[in-house]
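Next, two complexes with chain A in common: one pairs it with chain B, the other with chain C.
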Partner chain A sequence: MGGGQNLSAGITLAFHSYKGGTGKTTVITNLAANLAMMGKRVCLLDFDLYAPSLTTYFQKNPETYLNSFLAGEAEISEVLVDLSPELKLNGKLLIGFSSPKKEDIHEIEIDHDMKWQYKALKRVIAAKKELFSKYKIDYLLIDTSPGIRYWAINALAIADVLFLMMKLNEMDIAGTKKMIDEIYETLTKFGSEYFVILNKVPGALPIHEIHNNKQIITEIENQIGIKIIESIPCFCEIQFNKHEFLTTIKKPNHAFSERVRSIAEKITEMEYNAQGE
Partner chain B sequence: MNRRKLASVTLLNLGALSWFFVFNNFLEDIFQVLTPNVLNWGSYIGNSLFFGAIIFWSITISFISNRINRRKLLFTSIILGIFSTILLGLLEGTFFASITSFLMGSSLGLGLPSSMSLVSDCTVFDNRGRISGIILLSTFIVGFVFMLLTQILNPNIDTLGFTDVWGFILLLVVLRSISLFGLIMEKCDNHPIALTKTRLKISTYKDFFVYLCIFLLFGIASGLAWNLIPNKFQPQVDFGSSIRFILIAIFGVLAGILADKFGRKQPIMVGLGALGIGFLMLGFDMSETSVIMYMILSGITWGSFFVVFLAIPGDLSLPNSREKFYALGYILPLFGQFILATIPAETLISFGLTTNQIAIILGVCLFLAIYPLQRSKETLTESKKQERKMKEHLEKVKKLVEEETDN
Partner chain C sequence: MLRVNRVKEVEVFPGSSMLVKGEIPPSSLLLIGPSGVGKTIFCKHFIFNGFLANELCIYVNTSEVPEEIEYSMNSFGLNIKPYEEKNMIRIIDGCSWKSGKESSSEYAVDSKQDYLTAICIKIQKAQQNLKIRRFVFDSISEIAAFCEPQSLLNTLQRLTTTIRLDGGKAIFTVAAGAHDEHFMNLLRLTFDGIIEMKFDETNYETKRLLRIFSLKGVMHKTSWTPFEITDKGITIKPDSQLRCALCSKQIDWEPIYATIEGKKIPFDSLECVNTYKKFKNIYGQNFE
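And now, the complex of A and B:
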C-alpha cells in the first residue's frame, strides 16, 4: 500500500469522482461511521471546499470551519467536531466541516494566490501528522471536490489510498478513464493506490443480480484499467430521502449498509496486509 | 512512455535523417566525382533523381502503408539504403550514378513516412515536441560527428577521384545501418488502431493545409537564400554548415520544450524571426561575418521548424492517416527547396536583381508566412496545457507531501 511510512500511524483515504452526484459524500460519511462503529478512530475532513455538504448532511453549524484553519486563523483542534458520543459509536468519529457560505467558497476559489495555497497545503500536511500522532487516528477520510480542481488534486496528493466513485453510465466511465490517464497514473509513481467504487448501479429487479454481475464489472475493469473494489446498487429510499442520514447506523441491515461494511472490511484488510508485508 | 520503443524510434529516424543530411551536404560534390564527363549536369541529374524518388515513393507509400507490414517496409528501406550507398562506390558514370541516386532516394521515400509516424505513435500531445527535439538532437549530433569525420577523411571530396570516395561511402553505410538497431530493438509492426476505419474531419485537412503553406513559404525562403550567397563565401558556408548541425540539434530540443509548454506556433515564430534577422544581415552587408551569422540563425530556424515538422502531422492525424500527413509535411518544403536550390545565384542576379533586393523578396516570403500562421490552429490546446499544468502541480504537491512527512 502507498505511503508505507504512514501505515503504523494510520491511513489517509481520499474519495474522489469525475463529476458530482455519484454519491461520494453518502458513501464516505457512512463508511466513516461504519469504521467508527467497528471501534476505529476516524477523522473525516470535508475538502469539497467548492461545494461543501457535510454541514447539511450532519445538520451541524460549527463555530470554526476548515476554511479558517487553511487561512491560518484556527488550529485543527478548533475545527474538529466529535460526533462519537452523539452517535454512540464504539470508536471515534471526528469531523472537520468546511464552510457552505458563499463568500468563503468564493474566497477559496478565486481570492487566494499560489503562495497562500501552498501555505494552506503545508498546514494540511502538518495537521495530518498531528491527527495521527496526537489524536491517534486510524483512518483519515477526505471528501474531495469532483473533477480536476486545485483542492481536489491537493487532497489526492495527501492521501495514500484513493477511491474513485463512479456511476454506471458512459459519460462517467469515459470521464473516469480520462482522469485515470491524466491524474491517477502520476500518483501511482509516488506509491499511491487507487480503486473504483461503482455506486447507484441501476438495473431491473432483483437488483442484487444486476449489481453483482461479475461480467459487467470485469468489462468495466478492463475498460478503465483498474480494480473495482465494490459495487453498490441504486437505492431510491436513500437517494431521494428528504433528509438522508447515516443509513449504516439507522438501518444496519439494509443492503446499502452491507455494501459499506464490505468496503470497511476491505480497507481494514488492506491495512492488515500492508502491515504484514 | 515505453523507453525501449522510444529508443527504437530514435534510432530508426536518426539513421535515415542523418544519412540524408550528411549525404545531401556533399550531394553535388559526390555526383561531380562520379560523373566527371558531364560537369554540372551530373549533380543536376543526381539531384533530380534522388529527390524525385523520395517524393514519388513517399506519396506512393503514404497511400498504401496501412496494407503493408511496417517492419518489412522499414527493413527494405534500410537495406536498400545500405545497398545503394555501396553501389555509389562501385559504379562510375552518368547512367549508373543516376540509378544509384534513384535507389538512394527510393530508400528514403520508402521508409521515412513510417519512421516519422512511429514518433507520433509512441508520443502524446504534451511530450511530442520534446521527443521530436530529442530525435533531432541525436540526429544532428551524429550528423555533425560524421560530417567532421568526412572532412577529416576526404578534405576536398570534389577534387578526389572515383576510387577515393570509399571513406565517405563507408561512413554513409555506417550511418544508414544505425536504423537497423531500431528494428532489432522493437517489432515496429503496424499500430492496431491503424487498421480501423476512423475518418478525419475535413477541417483537420484544412488545418494541416494551413501549416503546409507555412512550411512551403519557409522552404522557398530558405532555399532561395542559398542562392543569395555568392560562391566566394564557400569556405564560410562550409564552416557554417557544421556549426548549423550543432545549432539545429540544440534548438531542436529547446523548440521541443517550447512547443510542449506554450504551443506549436511558438517555435515557428522564433524560427521566422531568426530567419528574418539572417536575411536582414545578408541584405544589409554581404560579408564573411554576415554569412556565418546567417548560417547560425538558419540553424536556429531549422531546429525550430523541424520540431514542428515532426509534431504537427502527429497532432492532426489519426494512426491510419499518419504516413500521408508526414509525407505531405516534408515533401512540399523539400520539393520547393530542391527546385530553388538548383537555381544558381547568377539566375536571380541575371534578372537584374541585386542581393539587397533578393533579401527583400525573402523577407516578403517570411512576412507572407505570418498570414497562414495567424490562421493556423494551435494543436496544443488550452485544455492540454491545463492538463499538463495540473500534472506538474500534482507532482510538486506530492513531493511537498513526502518532504513534509519525512521532516
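And now, the complex of A and C:
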C-alpha cells in the first residue's frame, strides 16, 4: 500500500461512507485507540458535524467544541481533550469533539454563508498544520458525515488518504461507486489515495472463515473498481451492544480487534513506504 | 478530564525558527558585530531560551558583574532569578577583578592568574557535576587584549570541540573591526556557524540587521534580517509579509507559486497547492 504524497510531518486520514450506519465511528474510534496503543500520537476530530456522536461514544462533555473553533471563537488547543492517561495508552490520543446540541448543528447547517464557511475551512487547514508541527502528531483521523455534504467533502479534500466504509448491499455499493466517480477520482488527481473497507460483512460464522471468502471481495472490487483493504465481519455483540466502547482495548483478542489492528498495521506501513519513497 | 496545554515553541536563539529550517545540531556559533549592535542581549536571550527548554548554562561575561547581568536581563523581561535559585546557570564573572571588588559569583576570575588561564580554570570548575547544554562566552575581544592570539585560538578550539561533542550549543561573541583579518579568518574557522550583526544607516534611519552567514548541518537563510531591541529584548522582524493563499500562514521561506486560472498564487507548501487545487476543482470559482 503506497503512502501517496506524504507532505506533512504525518498523515491525515478521513473516514467516509455513502450512507450512514456503515460503522465508521466504531471503526475510527477503535483504530485511533489502536494506533495510540502502538505508541503513535493520534488526533481524532469529529467532523460529522451534522450528526456528531463522539461525545456519546466517549461519554464526555467538553467545555469547548470544534464548532467554536470553526466560528473563530476558540483555538484548536482549547478544543483538544487528551484521553491517553485515562485509557492508559502508550502513545497520545487527542480528541476534538463537535457539539451534539441542536442549535449548534443548525448553525453549521443553515446559519452561515459561504464566506463564513471558507473562513472556517481555512482555520481547519491552519489547525491541521499546527497539529502536526506543534503537537507532533503522527496521524490525524477525521470522522466525516456520510454522503456528499459540505463538511464531509472538505474533510476529504484536506486528507492524504481516504477510507471509504461500505456495507455489502446493493444501495451502498451503487452509491459508493457514484461517489468514487464524482468525488474521489477528482481528489486523486491532486495526490489523495483512497481505499475501501468492507464492514458488517454477513455470514461471519465461524468468524475466521469469512476472510477466506475472496470471491465476494474480488467481485466487489471489480464492481467498484477499487481495492478493498479490509473486510470486517458483522459482529452482533458489537453492532447491537448498548454501548460498544473501544473493543480493541477491552478485548484485544476479539476478531473485530484483530481486523482493526490489521488496518492500523497497514496505516503504519503506509508511513514507512512514504518515508522510503 | 485532562486538557492539552498549548505547546510553546522555544527558539534556540532569537529568530532561529524563522531563519533556520530544522533542528540546530550541537554546535558553537561565532557572533560577530560592532559594539552596541545587540550581541550581549542576543546571548542573554539564548541563555533564557535555554532555561525555558530546561537546559543548564555556563555564562562567561567579561564586561558585567552578576548583579548587572541580572538587572539588564530583568529590564528586558528575562527574569533569571528563579533559574539562578534552581542552579541552572553558572556565571563566570570575568569583570569584577578589574575593579578589585569582590564578586558574588563563586566562579569569579582570580586576578592573580593570567586572564585566559583564570577563565579556563573557572569554566572547568563550573562544568563539574553539570550536564551543560548551553554555553556563552561574551566576549572574545575583551580577552584578546590580555593574551597571545595563538593561545586564545587554541583555547577556543578546545572549548568549541568539547561543547559540540558533549551535545551542547554555544555562542561566542567578538567585536567587528577590533581584530586583524588574519585572526578573524582563523577565528571563523574555529566555529560551526557564524552569525553576523550590523547597523544599516541608509535613509537617515539606523536599523539593526542580522544574518546567519554559515551554520553546519542545517538549512538556513543567509539574507540580512532586520531586528529591533525593545523592552522585551530582541525582536526579529520578518522580511516577508506574504501569506499562503490557502492556510494564511506567513511564508517565512521561499513561497511556492502556482498559476491557477491564470493567476500566480503564493503558497506555503506543495501540500497547500494540492489542497487548494482540490477545493478549486470541487467548488470552482467561488473558492477564494
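Worth a mention:
Here, the second predicted complex is superposed on the first by the 265 of 277 C-alpha atoms of A that agree within 3 Å, B and C clash if a C-alpha of one lies under 4 Å from a C-alpha of the other, contacts with A are read in each partner's own complex, and residues count from 1 in each chain.
One rule holds for everything that comes next: a residue touches a chain if its C-beta (ideal position, glycine included) is under 8 Å from a C-beta of that chain, and two chains touch if they have at least 3 such contacts.
What you see is a predicted model, and the numbers here were worked out from it, not measured in a lab.
Superposition model on chain A: chain B and chain C are shown in a clashing arrangement. Look at A:Ile158: by the touch rule set out above, it reaches both chain B and chain C. Once chain A of one complex is fitted onto chain A of the other, the partner contacts of A:Tyr135 are limited to chain C, with no touch recorded for chain B. By the touch criterion defined above, A:Lys60 reaches chain C but does not reach chain B.
Using the contact criterion defined above for the overlaid structures, shared-chain residue A:Phe190 touches chain B and also reaches chain C. In the overlay built on the shared chain, the residue A:Ile125 is in contact with chain B and with chain C. Once chain A of one complex is fitted onto chain A of the other, the partner contacts of A:Glu182 are limited to chain B, with no touch recorded for chain C.
Set against each other, chain B and chain C differ in how many residues of chain A they touch, and the higher count belongs to C.
Residue contacts after overlaying the shared chain place A:Thr22 against neither chain B nor chain C. With both structures placed on the common chain, the touch criterion links A:Asp82 to chain C but leaves chain B unconnected. Applying the stated touch rule to the two superposed structures, the overlap between the chain B and chain C interfaces on chain A comprises residues 5, 118, 121-122, 125-126, 129, 153-154, 157-158, 183, 186-187, 189-190. Interface of chain B with chain A (complex): residues 387, 390-391, 393-395, 397-402, 404-406.
Residue ranges on chain C touching chain A, taken from their complex, read 1-7, 9, 246-249, 269-272, 274-275, 277-279, 281-282, 286-288. Those residues of chain A that touch chain B in the complex are listed here as 3, 5-6, 118, 121-122, 125-126, 129, 148, 150, 153-154, 156-158, 182-183, 186-187, 189-190. Listed in rising order, the residues of chain A touching chain C in the complex are 5, 7-8, 60, 62, 75, 77, 80-83, 85-86, 94, 114, 118, 121-122, 125-126, 129, 134-135, 153-154, 157-158, 183, 186-187, 189-192.
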